[in-house]
Structures are given as structure tokens and as C-alpha cells.
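Below, chain A partners chain B and then partners chain C, in two separate complexes.
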Partner chain A sequence: MYILKLLSTSIKSNLQHDLAYRADLIVNLVLSLIGLGSDLFGLSIIYANTNDIGGWGPSELIILLGVWRLVNVLMNMIIWPNTFNFNMSVHDGSLDYTLLLPVNSQLLISTKRIVIWHLFDFVIAIGLIIIGLAHNTGITSPLQIVAFLGLTLSGTTIIYSLWITLISLTFWFTKFGNSIVIMSAVLDAGRYPAHVYPFWLRALMTFVVPVAVATTVPLQALRGELQWWQAIGFLGIGLIAVWLSSRAWIAGLRRYSGASS
Partner chain B sequence: MFAIYRRLWQVNWAEQWQYRADLLLFLTGWLISPIIFMAVWTTVASAQGNVNGITAPEFAAYYLVLLLVTIATSDTTLNSLSYKIMGGGLSYQLVVPVHPVLTQMLVNNLASKALQMAALTPIWLILYLLFHPALAITPTNMLLALPAITMGFLLQFLANATITCLAFWTTRGGSIMSLYGTIFSFLSGQIVPLTLLPLFAQNAAAVLPFRLALYFPVQLILGTFTVEETLINLGLQLIWCLVLLVVFNLVWRAGLKRYSAVGA
Partner chain C sequence: MQVVNKSLERPTPSAGTDPIVVEGLSKTYQVTDREGGFGAAMRSFVKRKFRDVKAVQNVSFRIGTGEIVGFLGPNGAGKTTTLKMLSGLLHPTSGTARVLGFTPWERNSGYLRAMTLVMGQRNRLSWDIPAADSFLLNQAIYRISDADYKRTFDELNELLELAPIIRKPVRNLSLGERMKCELAASLLHRPSVLFLDEPTIGLDISAQVRIRAFIKEYNRRSGATIVLTSHYMADVTALCERIIIIHHGQLKYDGKLADLSRRIAPFKLISVTLGECSDCDLTPYGTVVPSESNEASAKHSVQVKADEVATITARMLAELPVIDLTIEDPPIEDVIERAFHE
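Then we have the complex of A and B:
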């Protein structure tokens, strides 16, 4: 209850912030549409020249694009703006004031800034997933869709947990903030199925920045390529990631000594 | 004149070395996307033999050369220009008797370029071993590629500088830049070889100058052009460079008249 209350307060204050720049909103929506057009044009070029990418058809790639865009909404709406805020607050010591509040600090630093207009990208992503699902003929049981949705959610959570872990490492290595740039570069690989990539890139996007777990794995569940125990396993990894990242955050806070005092 | 360039080079070269960690980050961001396209197309091509006549090793060769040409010809410093115009930082450079864009930023760009190429070389060699490209570089092609790459760089630099000058009139030039970037990426061959585009886009690419910036130097190095085609395209590059230089100067002068020097 109290988490929801905190979230809604944050959303309200961020909404006020964004509504102050209404003209930018139009520009940003146009930019979103340009991005969508460019992604779809890219896919259409590929399928004009081939029937499948590593065995996957157009409808599956549209769903994959939707899932990949969900991860990007998380990046642009929450991770980028709050990374910037966080790095600044460690640098100038204003993190002290955040820590003094009687609220879960991890939740506070990850929702301090929410770029509201990215909800538009969220709608686009969901739209792509729905359109792709409607055109997909390979789904035989509703369980596949349930597994797909569950794994999409848990995959996105794993990316969030990776971010929390990375910014926690800032407490040990002050210059670590740049690692988010590398993380976001690798995320780009998630827009195509992982098995088209050479081994080293697949390893990178599975074990280092697990974007394959967030994008390719849910699609594999949808295609019925995962055993039930594999699906449960990936969901379990999601939970472990959340737990580990919150431990990393707490351990990091213990090392924090403040820059202002 | 030459002394000014030399001095600026020394300053900028030293400055670039200061931020070498940022440079590596920059490179990672740039490397990933061509590698993704290379992986996707080599997979598709090896699954069905070829795509529109292009085999997997040829795709690998295309994207590997593209990677070099992209880094050699792209500009990395102009986005700071729009901030300088909007924030008033340009004032300091205007009182110096050196052109802020055509001298200072150009040299700054060249310095970062040189360091990027040095950092890219080992990575490029590893990629070469991983992807087995069908690459046969002849000395003639490399020699011809030098003016082609230089003019490809000038084309991009001048076009971007002109668009960045829109910041004199509007604070929202970013969205125009982004639309331009999207069109550029498709019609310059940055995403796929132009022959794979749908027909309407191929026709557009043939008429517009975007292909001269990347696709032409890449194909020149790959050796797919006849002597005649090469000369025609080099001539076209030269003409477009001159046209853009004139356009840029007109826009720059008109913009300076509107410049309000925020914060002064």
C-alpha cells in the first residue's frame, strides 16, 4: 500500500514537471513515431529478402520488437534519468537527504524521476505485441501466452536488477557510472533473436547483460520451445536477481560515507 | 593559416588524450549496431546461400569496411555546437579570429577521429578473424578511397553543421536532426547495402547525395566500381562538397545575425 502511495506521489510530481514543457511533448511524440517507422522499415527490408531470420517469421519478430521496446521504455523512462540523478547526488553528497527519509531508499532513487511521456512508447510496445500475437498462428495453448507474459515481466525485472547492482558498485568504484552506457549498447542486440548471433555475442547478451533472457527467452516460450522446468527456472532467476540486487544496494549503502559533511 | 591549424591540432590532440576512457565508451556504442546487422545478414545469407546475390562473406566484408568508413567519416563534435548557440557559449569563440566551425570544430573532429581509428584497429582485426569476410583490398582502391573518404567526411560534416545551425532559429532542432539521421542511415547504406532496399528507396538513394558519404567509399574499397563510375562519383562528391560549403556559409551568416548571445 505504502509503495503504491509513494509511486503515485512520484508520478504526480513528475507529471507536473513534464507538463511544464508541453511543446516538447509534441516533438517527443514525433520522435517516437520516427523511431517506430524506422524499426518497422528495417524489419520490412529483411523480410523482403528472406522468409525467416533463424527460423522466426515476421509476426514473431514484431512481438520481439515489442518486448525489446518494453525494455527500452524501462531504460528511457526510469534508468537513464535516475542514473543521472544518482551520479550527481553521490558526487555532491545530496544522497544524504534521500537516505535520511524513512522510506525504502532503493525505491526512492529508482523512481525519483519518471519521464512520463515515455508512456506513449509503452503503448506502442504493447500495441506491437498485441498485433504480433494476433497474426501468430503457431500458438497452440493459452499456457504459452501465460509463460510469455510471465517471462517478459521477469526478464525486464532482471534488467532493472542489473542496473541497481551496477549503480551500487558506484559506492566502491566512483567512476562506475559509465557502465550504464555499455549496458545500453549491448541491449541493442536484443531486437533480433539471440541465436542468429555468433557465440561470443550470444554469451555477452546472456550472461553479462542478460538482454536475451528479457527478449529472446519469452519468445521461445511463446513458440513452445521451452520445457516447463526451464520456464520456472528463468522465473526463479528473476526472483534471485531482485534479491541479489537489493543486497548489493544495502551493502553499497554501508560503504557510503557522504560527500557533504 | 597553416600555423593556426597546426596549433589547434596540438591542443585538440592533447585534449582528446585526456578523455580516452570516454572514447572507448563511444566506440562500444558505435560498434554494436554494425555487428548486429552483420550477424543478422550473414546468418540469413548462409541459410539460403545468398541474399539478392550477396553471400555471407560478402556481407561480412561490407559491414567491416562500413565500420571503418563510418568512423573515418562521421562527425562527433557538432552536437556541442547547438548547445553553444543556445547557451551563449559561442560568444567566446566568435571574438577569436578563427572560424568556430570550419577551423576549431573541424580540427577537434579530426583529433578525435585519429584516436578512434587507433583504438578501433585491434578490435577490427579481431572481428576480421571472427567473421571471415571476402575482402581483397588492392593498393589502387585504397589510394582512390582516400579522396573519397575525405570528401565523404566533408559532406557529412557540412550537412550536419548546416542543420545544427537551425539552433539559431529554434531550440528544437534536435527533432529535425533525428529525422535527418534516420533518412541518412537508410539511404547512405549504413543499415543495409543499398541494393537490398525496396525500389522506391533505391531510386531515392540514387538521386540524393547520402550514398556519396558512406556507400560510395565502401564500394570503392570493396572494388565493385569501374574506373568510369569511380571518377563520376568522385566528381559528384566534389560538386556536393562545394554546394554544401556555399549553403553552410549562407546559413551561418544569416544565423549569426540572429544570434542573441544568451548569458552575455
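Then we have the complex of A and C:
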């Protein structure tokens, strides 16, 4: 309850921040629609020339696009703005104040800046997933949908945990937070099924920046291609990632020496 | 500043339990060490050299409930490092500290709710939104009920005159206005221990006076324990009966400000304005202090031992054409400067 109240206050405060820049809000909404149009146009061109991509049909690619956009909402709404905030706060010492608040500091640095207008992208992503699911005829069991939703949540959590781990490394290696740029570049590949890529890129997408775990794996569950133990395994990896990232954050804080006065 | 209500008052902790107890606190930083130039940069890239910097060494002190203590020292003396350890930001290399019964660096939420750290050179408030919105976020973070929030805010508003400034985005506030808002944001949860690290830095004289008056009044009303660092001696003389001096990380003095003058600088300044006297020589009376005013001025200052003031004053009045004579303590800046290096 307390966390929800805190989040709602933070969202309100961020909304007030975003509303102060009206032109930005309108431009970004237009850009979101252009991005959606461009993605759908790209898919329509591909499917005009072939019946499937790596064995996946148009409805599955639309769901994949929705899941990939969901991961991007996490990136653009929370990870990017808070990476910038975090790097600045380490540099100018204002992280000191965040660490002295009687709230989990990882939660605070993750939610200090939430770019609210990306909720529009969130709605688009959910819309794509619903439209794709409605047109998908290959789903034979409700469990497939449950596994899909669970693995989407777990995959997104793994991406978030990777981010927390990367910014925690800033406490050892100055400016390590900038490695988010690499993470973001690899994430771009997640809009297509991982198995269409060469082995080295597939390995990169699975083990280094696990975007494939966040996008392709849930779709595999939806297609009934995952054994139950594989699905449980991926969910377990999500939990381990959360635990490891929080350990990295706590270890980083012990090393924190603050900016000099 | 008129007292109109008592809502900031807190019950006094039981006698004998000092809110701040520090024993043998030390902090050593490891920093990279290299000479300037391209070659040194390349060598450092291949083989990095490290050097230990002892920021705080074996510091011990206790501070009682409701005290305002000036924590003084030159730049790099270890003041901020000590304050950061006591507030919980830094883990010490060795030693212990208990503040309000908590070990600060464990960052227990009960502790974080009972203390505050204000750093004059850092911003707590979000730059782009009005301070009022940051206050509401703090209300949620510290779980302050609406009634308590309103009561505390009203009182802080009365002391700091916040109403005209809290609706503007923080980036549009002057430095003095921003510091008022920073202080208010830091005190909404009514902390009983305050660490104030140069709270008046960069402020103009009138803003400094207002902030000082506020700190004094807050202490009087709430009984809060306050540790203050400042390079402005006016802050120290106006607020602190007791001072702790730290230099090169080591504790140099812990006691009353008034006693420091007697211990460090057992002399007084006799300033005399002389009438017609072209060949008057003041050197037999004491050490003549160079005058900062123009040389033609008839006002001169002589430094004499404290226990000889009466005798020398009598001699000067008898032997010289004195128009005016004043006896002063040496400037506190000089006394503390001497204490740093003693």
C-alpha cells in the first residue's frame, strides 16, 4: 500500500513535470504513431513477399512487435531517463539525498523520473498484443496464454535487472552507466524472432543482453514450443536476476563514497 | 521571531543518553595516484598506483540533546566525511558511532526518519517542479499524515516565509529562496538530529542572517540536536556555544567557543586613537598590529597578554594623548586559524 502511494505520488509529480513541456508531449505522441506506422508498414512489405519469418506468421509477428514495444516502453519510460538521472546524481553528489530517504533506494532510483507520455506507447503495445492474440489460431490451451504473460513479465524483469546491475557497476567503474547504449542497440534486434539471426547474434541476444528471453521466449510459449520445465526455468531465471541485481546494488552502495564537497 | 505554537517540540530523551556518541571513528579512502603528463597517464593505465588518504582518524566525541555544535576545520579536514558517516552515507574504515541509538551506516529506516542532512552545495529538490510538489513527495516518503504535514508546514512557513516561493519551479528561485525550500524539505518529517553542512554557503548577508535565525529558533522549539559545519564564523558565533575542530582528519579541540580564545590566543587587542603625537612609539606596550586603514589614521592596535591588559591600559592612558581606547578579543577567525595549526 505504502509503495503504491509512493508510486502514485511519483507518477503525479512526473506528470506535472511532463505537462510543463506541452510541445514535447505532442511531438512525442506524433513520433510514437509514426513509429507504429513504420513498424506495421515494414511487416506488411515482408509478408507481401513471404508467408512466414522463421516459421512465424503475421499474427505472431504482431504479438512479438507488441512484446518488443513493451520492453521499449520500459527502456524509454524508466531506464533511459533514470540512467541519465543516476549518472548526473553520482556526478553532482545528489545521490546522497536519495540514499538518505527511508525507502528502498533501488526503487527510488528506478522511479525518480518516469516519462509519463510513454504510457501511450504502453497502450499501443498492449493493443498490438491483443490484436495479434485475437487473430492467432494456433493457441490450443489457456495455459499457453498464461505462460506467455508470465514469461513476458519475467523477461521484462530480466532486462530491468540487467540495467540495475549495469548501473551498480558505476560504483566500481566510473561512467559504466553509459553501457546502457550497447544494451539498447542489442534490444533493437528483438523485434524479430531470435532464430532468424546468425548464431553469434542469437547468443548475444540470449546470454549477454537477454532480449530474446524477453521477446522470443514468451512467443515460443504461446506457440506451444516450450516444455513446462523450460517455462519454469525461465521464470526462475527472472527471479534469480532480480535477486542478483539487488545484491549488486547493495554491494555498490557499500563502495559509494559520494562526490566530494 | 515570535513563538506562536509548540508543535515542533519533542519529548526530551532520558538523561544520560547522548543522541550522538562517536568512538574512534576513522575513514581511509584509496585514491589513484599519478603525476601529470601523457607518459604518466600511459604508465598509470598499465600499472595503477594507489594511495591511502586518511580523511578521518580516530575521532571521538559525544553530543547531548539539544546542543548546537560547530564542526570546524579547513577544506579537506574531514568535516564532510564525518558528517556523511554520521548520516549513514559512508561506511567507516574503523570505529563506532551511535546516533539516536542507531548505527548510522546500517541505514535503518527508523534512523533515516529521525535525522536529516542538509548540504548547502547540493540540491535535494527537483529542479523543474515547484518545491510544493517535492514537499508532497516527501510527505509520501516519510509517511507524514495530512494533519501533521499541515501543522509542520504552517510552522515552517511562519519561520521561513515560504508561501510566496513554493509555487515557482525551483530553477526560478534565487539561491536564498532555494535554501529556505531545501531546509523546509529537510525538516517536514521533524527530525531530532540535524547535520547541516555549510547551510549558508553562497548566500548574501541578509539571507545568512535569516537562515541562522531559523536554525536557532528551530533548535529552541524542537530541542533538536544540531551539528553544523560552516566557513562563516558569523554562523558559528551566532549559533554554537560548543565547537569541535578537526584538521587533517584529527580532532584538535572539543569545547566551548569562549574557552578556545583563552586557550589558543591568551591575548587581547587594545585599539587606541591618539591625538597630536607625531613620534609616539607603541612598541613598549606590546606587539603593534599593522593597521588595515590608511597609514595617516590616528587609530592603532596593540596586541598584549590577557593578564597585562589592565596595567598596560593604565600606562597608555597616563603616557599617551589618548582620545579613545577599546579592548577587544582577537577576531574569532584568527583564533580558529591558530587552532587548526597548533
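Here is the rule we use: the second predicted complex is superposed on the first by the 259 of 261 C-alpha atoms of A that agree within 3 Å, B and C clash if a C-alpha of one lies under 4 Å from a C-alpha of the other, contacts with A are read in each partner's own complex, and residues count from 1 in each chain.
The criterion applied here is as follows: a contact is a pair of C-beta atoms (placed from the backbone, for glycine too) under 8 Å apart; a residue touches a chain by one contact, two chains touch by 3 or more.
The structure displayed is predicted, hence computed values, not measured ones.
Within the superposed three-chain model, A:Gly93 lies in touch with chain C and out of touch with chain B [touch as defined at top]. Taking chain B and chain C in turn and counting the residues of chain A each one touches, the greater count comes from B. Using the contact criterion defined above for the overlaid structures, shared-chain residue A:Leu201 touches chain B, although it does not reach chain C. Once chain A of one complex is fitted onto chain A of the other, the partner contacts of A:Gly54 are limited to chain B, with no touch recorded for chain C. Of the two partner chains, chain B is the only one that A:Val27 touches; chain C does not reach it.
When the two complexes are overlaid on their common chain A, residue A:Ser38 makes contact with chain B while staying clear of chain C. Applying the stated contact rule after C-alpha superposition, one finds that A:Ile46 touches chain B and leaves chain C untouched.
The residues of chain A shared by its contacts with chain B and with chain C come to none at all.
Per the touch definition, chain A reaches chain B in the complex via residues 23-24, 27, 30-31, 34-35, 37-38, 41-42, 44-46, 48-50, 52-54, 175, 178, 181-182, 184-186, 188-189, 191-192, 196-198, 200-201. Interface residues of chain A, counted against chain C in their complex, comprise 2, 5-6, 9-10, 13, 16-17, 20, 92-94, 96-97, 99-103, 254, 256-258, 260-261.
Taken together, the chain B residues at the contact with chain A in this complex read 21-22, 25, 28-29, 31-33, 35-36, 39-40, 43-44, 47-48, 51-52, 130-131, 172, 174-175, 178-179, 182, 185-186, 191-192, 196-198.
On the side of chain C, the complex with chain A involves touching residues 29, 80, 84, 87-91, 107, 109-110, 112-113, 116-117, 119, 121-124, 126, 128-129, 133-134, 136-137, 139-143, 169, 197-198.
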